[in-house]
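Look at the two complexes coming up: chain A is in both, with chain B in one and chain C in the other.
Our next item is the complex of A and B:
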């Protein structure tokens, strides 16, 4: 590879100008002629039988054009077929016989304006028979707990047990065995933009959705089957997205409701969630309880780990099992310990269906395992850094769960963050109430969660010399279009601003998996775009060679010109060649790139397999000050290093790194989606749900470590969802260093710190 | 959520405003930062809104003849926080005003609105749709409290930041109604009942806030503890006005007022009594703080436990007394009786 000019450069995002000037078109901005507005009546109870739903009064209100209930839902949906094809079926219908969480859809109204639709909801009479509700997954597993689904005994949606090596032998070899319980809470991603769905039938019965969906291709496979429409008659146009982070990935209910209402009313309809609806309906991150045992030798070698993880699926099972697999495997792979046992249970609760909010299920087990590493270091009198370095997985390893570590810059990540914070001088040596902590993390750079885990892209050279990328790898706001455009620009020798990106329309753009499960756009999509651009360049040279009567190998690309290497005066601009190809040869220059990673799906039972063609690593250090009288934690300094293989756009990667830490500080210190005993979310607004504000996020120092991943484009791996993984354990470690208490359940609130301090004082002053 | 339909008027005089407000189901609109949210949620659905910002001079801050301040209720919190008249001599009020939903709310919200702030609650402050399965609570005209099961009264929390400092300073308010004016100490403006937080009657407007000149050799502090750096209501707010004797430095008088701990702003009278007449030392500071925490009975509310609230009351009272005391000692050389 020669010198790079566009890749590896910090360039402003291609959509930055449009977004900051308000020109970017979001689904919310789409207005269609005669469009109606949709409002949804949601269950008032967390758990209740629905005896009757009477919409007659609402239907008769002036301005109301259509009302639907569960009775209008698709009959006999081909669930088995969908499950076989797509593994899990997201929620897609209004409740009929039973409501299983507060906020579940009962009925929907389409009216001339939003206010009329909202008022109409009050005229719908629902007769409920309330049932006892259960919110906590451990409570839900107990005998006698309310049964949420008839076919799920003890509310268990999914359970699995897998073992690697010989765990009992591993514990027998250990000099110490540590055992503890850690937990995390329900949190909401609070995307800046709310859920929007617009459905419109044209005169020939073709259905178009405009949305801010995060998974348009998958939706475009489910929806025709559920709606009974031929796939070619349905398309989804994805508009600009105001962030997503995985909230209820692939929820189909808004689509189904909108399609049915549009059909019934014979007019386009638009649904926009309120913020309250976002909180009660749009998938929070699951809560997790992790019971962990770890065996360790006197020298710090970890010999055995026994992990028991309980998570809540919410009222309906969707991605819970996938989150379990996805959360466990990187945790198992981070260290070399050969004996690992895992037992996971995913439990139905009367809460919203839970989601893979940033980092697909890994936060609960990672908090447990990294916290325990810090506790072990403390108890053994070892430096937590030394304990990590003794045990971490290294480049070239095949981990206990089968990950092939083709690149790892983890040691450098540790070195950089430890040096930044002044670890050696500070750990245990700071003035009272100040402390430092550290932790590490690992996540997949892409993931094979379907037989096809690749990416296809087209790169077109336009007649004016500009380049168009046609790829279904979608933009969630993470900057993927910028990165993919940089790759196309690099290979075709044009500046970034000469690259255009196709609008995402599932009927026009090749199928792609998108950022689903591991931020894999850079690795998968980047490879596909690079291959497509290389092919476009080959075609460019072939056409130019004919025009210049030389061989293609005699040509090179220089300043947007195709130049004869040995006779540089003979040159054609790329535009001239593209123009000639299109209008004279009638053969447009279009490169197709296809990338298929050399990976396997994890075994569904053992979870073994090399499911990603690269793994991203991170290390973090943090310094805090704790006010022992209010319990308030102030973060003085935070360093986060990611091994991302190669930074295609360092500025964007720094943004991902800092943003990811900043966002996770909320769940760690402040946020909790609070359900009361009856199963109502009591803080469904941005005042009472305490999302960190700009003033609450401290300066974060980002380090990018480039370990060069052989499978990635230019050596790149993913970087979007790894920096939130160790942050909680690093902070908990710093708080321990500051005031001497371990907080093992998130969020780490001032209240919990004061209680722990009071208990500590009681213990220390107790008579021996 | 959309605003419901309502009638709207912009009166030119207080009298006009009062007659409009005397009609059924009418609410005052000033900054709108609380009211409009409640309207969108349909927590309340008034027939008509009367915008008092259209009344001239209602946003003025003036010095009174006796050396105090007279502040119009439509004064924005930002104006109150930055006015030299308020900042220089009533710093605790300026600090509290700036702390309300900072950094953005103070530009819209008014001082009068903050004084008339309704109680807050996880159940009451929800949308009509959210409440559809709940029996009405005391504040919604029903007969129970969802926060404290079995409670015989509403427990909505009084959280306005500017009120504790104003009460500590002995502020008065004027209520103008169709039948004339009433003046009362701000402390008496509050009923202690969560259902109806203040004494305002239909047809009445809080038309003026008067703060007397602070006593000589007094110094004031307002400390707010919140969980976030911005937006948040106080977990606890503590206002203190401490007057010391210039001769021997003992505490001549102390007024300690707590916010966000009850259905009304609360004087910590036991703490005040403990401080009065005593020489200030660290032991006394601790005693007063312990008393303040003991004499209040917070309930677990809005995501904050009662135990934690108590701890914060104690801590903030301690810190407020120490800070005021330090300021007093530092200012004791000045000429005119520092504040």
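Our next item is the complex of A and C:
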């Protein structure tokens, strides 16, 4: 590979100008002529039988154009057919016989304006028979707990047990066995833009959605089945997205409601969730309880791990099983321990359908495992860094769960962050109430969780010399279009400003899997775009060779010119060649690139398999001050390193690293989506649900480690969702170093610290 | 700017609208508006200025921030009619003749934009800060933007950009 000029450079985002001038168009901004507004009637109870729904009064209100209930849903949607592909199938419809969480959809109204739609909701009469509700997954598993689904005994949606090596033997070999319980809470991703869905039929019955969902492809693939529309008669167009971190991946209910209302009313409709609806309906991250046992020798070698994970799947348990697999496997792979047992249970509760939120399912088990590594180090009198270095998986390993580690810069990540914080000088040596902590993490760089895991892209050379990338990989705000454009610019020798990116329209761009579990746009999409650009360059040379009467091999690309290598005065601009190709030869210069990773799906039972063509690593080290009077934690410095293979745009990669840490500090220290006993969210607004502000987020120092992943474009791996994995355990470790208490239950709030300090005091002063 | 508003639309209730004369982005506008219309609705729906974003509608996020007489306000909490005679600046009015304001340029150069939904409000809040205090410290910037939520950036590059635009930060990386 020659010297790179665009790849590896911190160029400004391709969409930055539109965003700083206010011109970027989000789904929220889309207004269609004659459009109606949708409001949704949601269950007032967390668990209730629905005896009747009467919409007749609402239907008669002036300005109301359509009302739907569960009775209007497509009859016998092929849910079974979808079950295999979608892990678990929420109803994707309005509730009919039973509501299973407060906020579940019961009816929807389309009216001339929002206020009328809202008023109409008050005229819909629902007769409920309230049932007892259960919110906590461990309570829900107990005998006698309210049963949420008839076919799920003890509310267990899914359970699995898998074992590698010989765990009992591993424990027998251990000099010490540690055992503990860790837990994380329900938190909400709180994208700044709220859920938007717009549906419009044209006069021929062709259905267009405008949305800001996480996954238009899944929608475009399954909605035709659910709505009884031919796939070629439906498309989804995506505008700029006001961020997305995973909430309600693939939720089809808003689409179904909007399509049915648009059809009934014969007019386009728009649904915008209120912030409260976001909180009660749009997929919080599941809470997890992790019981963990770890066997370890005196020298720190980990010999056995036994992991029991319980997560709440919410009322319908949508992606819970997938999040189990996705959360467990990187935790198992991070260390070399050959004896690992895992037992996972997803449990139905009367809460919103839980959903992935940055790094697909790994936060609950990672918090447990990395916290326990810190506890072990402390108990053995070992440096946590040394304990990590003794046990971590290394480049070239095949892990206990089958991951092939083709690149790892984890040791360098550790080294960089501890050096930045001054670990050696500070650990255990800081003045009272100050401390340092560290932790590591691993995640997939892309993932095969469906038979299809590839990416296709087209790169077209336009007649004015500009380059157009046509790819289905999405931009959620993370900068994927900039990175993919940089790759096309690199291969075709144009500046980044000369690259245009196709609008995301599922009818016009190639199918893509979407950024599942690992923000895989860079690895998968980047490879596809690179191959497409290389092919476009080949075509460019072939046409230019004809025009210049030389062989294609005699040509090179220089300053947007195709130049005869040995006779550089003979040259054509790329624009001239593209123009000639298009208007004289009637041929477009358009390269197709296809990338298919050499991976397998994890075995659904054992979870074994090399499911990603690269794994991203991270290490974090943090310094805190804890006020023992108030329990307040102040983060003084936070160093986060990611091994991303190669930074295609270092500034954007730093932005992912910093943003991921800054965001995760909310769940770690501040946030909790709280339900009362009746199953109502008590803090569904941005005042009572406290997100991190600029005053909560400390200075974050980002390090990028380049380990050169052989499967990635230019050596690149993913970097968007790994830095939130170790953050909680690193902080918990620093708090221990500062004041001597372990907090094992997130969020780490001042009252928990004070309670732990009081207990410690009591223990220390108790008569022996 | 969307016109055509303020004509006598046939309605079945008494017309309660009031005439509002306000300067928006240096241009005087005079429209009939409902007394309960928020400044955010007025800007987005009546004037077509959609750069002010709506993310909570309850004063909890700052995405809707605009400047009224130079001071940042949550436009979702301000009534349009209360801006009578005032001077409103939205993100659309910040660039002059296609030339970006130094803050806009700094946000681009420092990578302070990701999804961009918080960006207009953030930039306007920062403008009010820099107009008053051109060389703010890190802490002063944090305090000034504490009412503007960003979900993407961890605020690191936003703070860098604001300080750079004020001349107290480090230069953008290249």
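Convention: the second predicted complex is superposed on the first by the 760 of 768 C-alpha atoms of A that agree within 3 Å, B and C clash if a C-alpha of one lies under 4 Å from a C-alpha of the other, contacts with A are read in each partner's own complex, and residues count from 1 in each chain.
Note that in this section contacts are C-beta pairs under 8 Å (C-beta built on N, C-alpha and C of every residue); 3 or more make two chains touch, one makes a residue touch a chain.
All figures in this text were calculated on a predicted structure; none of them were measured in a lab.
**Student:** Figure out whether A:128 sits in contact with chain B (first) or chain C (second), or with both, or with neither.
**Tutor:** A:128 contacts chain B only, not chain C.
**Student:** For A:720, is the partner it touches chain B (first), chain C (second), both, or none of the two (neither)?
**Tutor:** Touch partners of A:720: none, neither chain B nor chain C.
**Student:** Which holds for A:42: it touches chain B only (first), chain C only (second), both, or neither?
**Tutor:** The answer is first: A:42 touches chain B but not chain C.
**Student:** By the touch definition at the top of the document, which applies to A:115: first (chain B), second (chain C), both, or neither?
**Tutor:** A:115: touches chain B, not chain C.
**Student:** Could you look at A:246 and tell me whether it touches chain B, chain C, both or neither (first, second, both, neither)?
**Tutor:** In the superposed model, A:246 contacts neither chain B nor chain C.
**Student:** If you stack the two complexes on chain A, which partner ends up touching A:693: first (chain B), second (chain C), both, or neither?
**Tutor:** both
**Student:** In the three-chain superposition, say which chain, chain B or chain C, touches more residues of chain A.
**Tutor:** Touching more residues of chain A than the other partner does is C.
**Student:** Quick check on the superposed pair: does A:630 touch chain B, chain C, both, or neither? Answer first, second, both or neither.
**Tutor:** A:630 contacts chain B only, not chain C.
**Student:** According to the stated criteria, A:274 is in contact with first (chain B), second (chain C), both, or neither; which is it?
**Tutor:** Both: A:274 reaches chain B and chain C.
**Student:** Both chain B and chain C contact which residues of chain A?
**Tutor:** On chain A, the residues that contact chain B in one structure and chain C in the other are 274, 686-687, 693-695.
**Student:** Within the complex, which stretch of chain C touches chain A?
**Tutor:** Listed in rising order, the residues are 49-61, 63, 90-92, 94-95, 100, 104, 107-111, 113-120, 123, 138, 141-143, 145-159, 172-174.
**Student:** Taking the touch rule as given, give the residues of chain A at its contact with chain C in the complex, in rising order.
**Tutor:** Residue positions touching the partner: 9-10, 12-13, 15-26, 28-29, 189-194, 240-245, 274-275, 476-479, 650-652, 654-655, 658-663, 685-687, 691, 693-695, 697, 699-700, 702.
**Student:** Under the touch definition given earlier, write down the residues of chain B that touch chain A in their complex.
**Tutor:** 1-2, 4-5, 103, 122-123, 126-130, 132-133, 225, 227-233, 302-305, 307-308, 311-312, 315, 318
**Student:** Of all residues in chain A, which touch chain B in the complex?
**Tutor:** My answer: residues 41-42, 44-45, 114-115, 118, 121-122, 128, 130, 274, 276, 280, 629-632, 670, 672, 674, 676, 680, 682-684, 686-688, 690, 692-696, 749-751, 754-755.
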